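Going by the order they are written in, the chains are A, B, C, D, E and F; count residues from 1 in each one.
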Amino acid sequence: MISEEERAQVLAEALPYLRRYHGKSLVIKYGGAAMADERLKQSVIQGVVLLHFVGIRPVLVHGGGPEVTEAMKKVGKVPTFVGGLRVTDAETVEIVEMVLTGKTNKGIVSMIHRQGGKAVGLSGKDGNLFVARRLKVGDTDLGFVGEVTQVNTEVLEPLAEHGFIPVISSVAMGEEGETLNINADHVAGRLAAALRAEKLILLTDVPGLLEDVQRPESLLSEIGIARARELLASGCVERGMIPKVEACLMALEGGVPRAHIIDGRRPHALLTELFTDRGIGTMIRL
Amino acid sequence: MISEEERAQVLAEALPYLRRYHGKSLVIKYGGAAMADERLKQSVIQGVVLLHFVGIRPVLVHGGGPEVTEAMKKVGKVPTFVGGLRVTDAETVEIVEMVLTGKTNKGIVSMIHRQGGKAVGLSGKDGNLFVARRLKVGDTDLGFVGEVTQVNTEVLEPLAEHGFIPVISSVAMGEEGETLNINADHVAGRLAAALRAEKLILLTDVPGLLEDVQRPESLLSEIGIARARELLASGCVERGMIPKVEACLMALEGGVPRAHIIDGRRPHALLTELFTDRGIGTMIRL
Amino acid sequence: MISEEERAQVLAEALPYLRRYHGKSLVIKYGGAAMADERLKQSVIQGVVLLHFVGIRPVLVHGGGPEVTEAMKKVGKVPTFVGGLRVTDAETVEIVEMVLTGKTNKGIVSMIHRQGGKAVGLSGKDGNLFVARRLKVGDTDLGFVGEVTQVNTEVLEPLAEHGFIPVISSVAMGEEGETLNINADHVAGRLAAALRAEKLILLTDVPGLLEDVQRPESLLSEIGIARARELLASGCVERGMIPKVEACLMALEGGVPRAHIIDGRRPHALLTELFTDRGIGTMIRL
Amino acid sequence: MISEEERAQVLAEALPYLRRYHGKSLVIKYGGAAMADERLKQSVIQGVVLLHFVGIRPVLVHGGGPEVTEAMKKVGKVPTFVGGLRVTDAETVEIVEMVLTGKTNKGIVSMIHRQGGKAVGLSGKDGNLFVARRLKVGDTDLGFVGEVTQVNTEVLEPLAEHGFIPVISSVAMGEEGETLNINADHVAGRLAAALRAEKLILLTDVPGLLEDVQRPESLLSEIGIARARELLASGCVERGMIPKVEACLMALEGGVPRAHIIDGRRPHALLTELFTDRGIGTMIRL
Amino acid sequence: MISEEERAQVLAEALPYLRRYHGKSLVIKYGGAAMADERLKQSVIQGVVLLHFVGIRPVLVHGGGPEVTEAMKKVGKVPTFVGGLRVTDAETVEIVEMVLTGKTNKGIVSMIHRQGGKAVGLSGKDGNLFVARRLKVGDTDLGFVGEVTQVNTEVLEPLAEHGFIPVISSVAMGEEGETLNINADHVAGRLAAALRAEKLILLTDVPGLLEDVQRPESLLSEIGIARARELLASGCVERGMIPKVEACLMALEGGVPRAHIIDGRRPHALLTELFTDRGIGTMIRL
Amino acid sequence: MISEEERAQVLAEALPYLRRYHGKSLVIKYGGAAMADERLKQSVIQGVVLLHFVGIRPVLVHGGGPEVTEAMKKVGKVPTFVGGLRVTDAETVEIVEMVLTGKTNKGIVSMIHRQGGKAVGLSGKDGNLFVARRLKVGDTDLGFVGEVTQVNTEVLEPLAEHGFIPVISSVAMGEEGETLNINADHVAGRLAAALRAEKLILLTDVPGLLEDVQRPESLLSEIGIARARELLASGCVERGMIPKVEACLMALEGGVPRAHIIDGRRPHALLTELFTDRGIGTMIRL
């Protein structure tokens, strides 16, 4: 049991971190277990609202794969993946958009309001926040899957100034007006770069980036951008981690000084990362 | 064929209307045929973007009944209506939200961008724009159907100041955090009142309000608020028109000087109503 | 007879032009028949006020030769011209200033107010808007005729921000404190350059710039700046057109992308030029 | 000869006055000898520019009777006066406007610039600064002579904020769009009231208001508003002073605490009145 | 030992308090042991800087009795007290001012800077923050001891807007320009009222207000304003607590909803009071 | 005896100076006789307040040697000087800070308020206005004597914008958190440079800089920066003048166009220097 005095002590010790992040933007990719487990969900949202109230500017980007898969099943569609990417036909991209933008996104917005914050949910289409083009992966036609070609943060500024936390789904308009499904890690990486964020934080379901996927104890707690590039090139990065490492590189190349891949299954992973000495997961730095 | 000179003449004659509406908010309920027919859709969106560029502040509220019905059918659900209101179970309200907020709304947002405007799509949940409670209609349990209890336009101001047209879906959070489906006409009426709009304009699929439903030639082109209340009380208003007349009353009672029920099936209904001498449809005034 | 629906259609088709000119400055040189004929006057002023209300910033520069000549006659003076320029003795420049700044200018200001706009009349002396020096033309002493040496738009900014349309007479203070009469086309050209206007539009009494003055059908509808310089150098430009072409060059050289010499005798020449596909008169572009 | 040290002493002693008037508006009616004599002109304008630089907001209203009379003579018109008011036919009012607004006004503007200040000349027509209606004096038709019915100071605010001294001629638009000549003292009185000025100062060619017109030593150096009303009603006020006393009453009734009628023939009358202990002329107070 | 996760948990649990105090002013009277003990000093200053960084506006008022006494001794003066108030002759008030404003105040300012905050030290004389008059206590002449007669917070607003924490010493100018020593608790109470602070917090060297001074266990943890008035009137309040209870009443009567007398000897007393459920000391509420 | 009219004339003649200094910062080092003699004190403060009211931004830096010496004597300490610099042990620097910041500074602040101005007293510690490091002079340990290493004017801007005159004492925090006594002339020179002031004015007790210390008639009324450097290097500058000439060089090298060493024993030295043609004392220019 922590005493009241110890609590005050803990708060006092957060001062250096509060100072460091004051007025800065943090882009947080929210997904995985932290979005499925009710208690973890509470803890992430609470953390995000707290960031707002202590003068930091959190920007939330979310995916929602499991909810999409579930919705597809309801209408009798079987999800297919090629190289880890969802094959997305016209009907599927419509489901993706409806689930991510119409359900998951508004669910997060509502949770923020229940915690006393204010939020606005956006997709790439709103205010042309980000636009995309069809992604080509070798010869495979993945359908309505895209990659971000342009980020336009104009709509975020007035919302931030008025205290609204932006919650962003990874759907955008393509070059021919079609709806495209985009990897949410990539969206977060690109947004962090465009906002010159102080940090990009990716919540995942693993302890971080492993040097040797077979050995959990080989966690890389801090690496430079060059090492991250090497790891990607070497092919040793586990498939699920590839887009995360790529997102970190997008952010770092855009001027974000630090990007983190942390274990969202830990309670208060976000606050632990930001406000204590012990970094958790993997930090990639410039 | 209209000559270039006649075109200029037409523009010049719009001056008195431009002056009158300059800097004012107009709440437009967009629905029905104007949302189904591709050409009408283009014309409405073009009109809305034009309003923005000539210094007027349009706010768009939309429904989307047919798309909801279609989505329900895909998952094998049969829509039921009681007294014109959709019986909305938990699964249905989820579909309603996903379709309206995730698909219809973003479709309108994208069309505005393609016409050169800037838009942001919102539901009642975003920035707590409007909150609702369960609607009770006699003894019938309509499920997750709500009525607006509070409008909070705080999120609209910064967006309007930065030139974003708000596009609003009629879904809100209820008192227990549940999602509620709300009549879009009512949402438009309440928003118009909260914004002290200059006008509320409801696009419908009929020529306007008829004195005698059997006689199309009995169109009421202009009535006062008292007469509108009498008509509602008399029970002579056709069922589909009831929420529209109610929405007009909500707006007028909130200080909006004029509310219009116009025929959205006519090309350029919006601009005709606003910028020519011939009112179309029914105007209800204070 | 144009139907209401056609009117709405015409307005809708103005959207691309409204978008293009939104928030931009347009410098309009107002003179000739458009200033003498009552109906044309109405149409120009209506057009200017309309530009203001649709979010464009018109700046009006006017001459007033015929009114000056009339006033001179009243006091028994005979106008003399050398090379198209009015020989201006001390008494004449006083008449010029009184007529242009005290009568013509305020007449335009009043007409704008009657059309529902707001205007402020200025001469070069107000806020030192522009200053001049004596013009030397060969050996001839033209008297109090000047050329602009400096433009200082400081006074225009606060007026524009508060919605006042500036109406400017072509009179300025010379280096020794004397009043100087300046060619109004030149004033317009220099102001357009100083404001980095989107366009300079000169209303004239001819169809535009002709390749061969003898053949009205030789109208040059679009030429580049190089060609305009050649024409001037060649000596083929009709005397009355010389200051107009010079004004266009002043604007273009100062960064204004397009300058137009249009026929002010046509009703709604201004709106036709700006809001329809058919350019009228001559456009000179960078 | 005043020593440098005495000069510094004099400046230091102005501190209480500088403090009192800091940021306040002063409406100054400029006319009479102070406008005819070159040296006095310099001294008034210098004083006005100094007021601006020490943080006070001067607003200058001017007449120009002698210049009007001279211009009328040039075109062979004989001035007629009824009860001290100029009978003003259509041709005369045109001359009045041209002379006051086009010549006298711009002359003052230029002098302010030469003293290092910034000024903008306005008539009642600019920004609808003041509007008027035909003045009825018993049965006599004075022609185009008006009285102020409305003052609209909207145009003065942005100019003042950017450091421009407004210079105002006493001409306005009437109810039917006609130009009207207005008594400049009255204009000054009404403007002082509308601006809630700290003071109204009328420069005249007499020592002030006399109790007995025959006895110059009967100068009233300070009277209350009630006494001023009595004097006017008694008929003892000399004709030329009537509009001045009326102007003072207009100002005082509109909330201006003090109005002054001072002798503009004295060098530095303005600064003497404002910055020394010795009031000069007549002060009328609430 | 508190784990990293527990730390994050503690921070998360501070959210309701952060929300409640966001953007609000807190006036903190700093004195007693918390100002003498080096470790407690650190903890208070750290807490104050933390308040700033989490979006709260702390205003610090300090005394400095022991330092004054020490300085007096150095020049051979013996402190005398009458009814708990220091008898303050001319030489003493000079020492008081020099010690409080010149030494204690700047010491606190420097400590805030060392913790990464920004501070500006003020006395009542700066910007006329507060003015005073001689205090009369019965027949005793206390010398240069005063009570606040007026608070003028004009200087605090620009400092707060730019992120400077005001640190205020309890010295002011009297009606005849003399320097007066004022009870720092009273200064804090009056300032809290003038700022409409959210709270007044007085750091003391006792556990709080006791019902029975003899029994430490009789701590009153929460009382209403009426009860506080009764206690004062009853004469049972211990002498040292009288000015503190008076200060609380000044604040409450000025609209501050809650005033706290807390034990500054406890580490992190400030943060414990503000950010945990357990109120410490005595709260007096409206 | 100066007549009222002569007074007005004197004010009018100040116009060129008012124009020149309008909105500019002037850094004034206040010290010597002008700070000891009651009448001179009044005259300096009156001058400073006048500067504020005529739209100039005075910044006052003060020393206070005699008051420090007096305070030291009270506690039985004997001042020691090495090379003109006060040897400052820990006890002495505490006295210096208390006297300068707690007494002298607040005395000046109060005088400004009594003259109708508004002031805020600051030391280098407030808002980290300036920071210092220990000064090394050859091998001598001067104790807590410092030199400015950094100026941070952030705190001055909001104060100036709200009309507060900053009054600054020459004490700052050193690199190890210790308090350091700094030469006030140097502080003024460094501040003038950091503020890009229009002038630095040093009030002294001598007529100015002499070419030959023995001959008072050898006053240098205007020299360039190169000549000032030569004089310093030559060793002919009298010891007391050395820091003053150094301060002038600091200002000039930082972009201040003119620095003045003037005789503060003359009444109204400040206003005479600023507002009359006769420069007094020595001007050093770029």
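The criterion applied here is as follows: a residue touches a chain if its C-beta (ideal position, glycine included) is under 8 Å from a C-beta of that chain, and two chains touch if they have at least 3 such contacts.
Model, not experiment: these values are computed from the prediction.
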Common touching chains of subunit C and subunit A: B
Copies subunit D and subunit C - interface residue numbers shared by over half, same or different: same
Chain pair equivalent in interface to B-C, over half of contacts matched, among D-F, C-D or E-F: D-F
Rounded Å distance between subunit B and subunit F, as computed from the means of their C-alpha atoms: 69
CA centroid of subunit D to CA centroid of subunit E, Å: 57
Centre distance in Å when subunit A and subunit B are each reduced to the mean of their C-alpha atoms: 35
Contacts with 2+ other chains: residues of subunit C: none
Graph class of chain-chain contacts, one of line, ring, star, complete, other: ring
Cyclic chain order when read starting with subunit C and heading to subunit D: C, D, F, E, A, B
Touching residues on subunit E, where the partner in the complex is subunit A: 2, 4-16, 18-19, 22, 43, 46-47, 49-50, 53-55, 115-116, 266-272, 275-278, 280
Residues of subunit B touching subunit A in the complex: 71, 74-75, 94, 97-103, 105-106, 109-110, 113-114, 118-123, 125-128, 154-155, 157-159, 161-162, 164, 171, 173, 177, 179
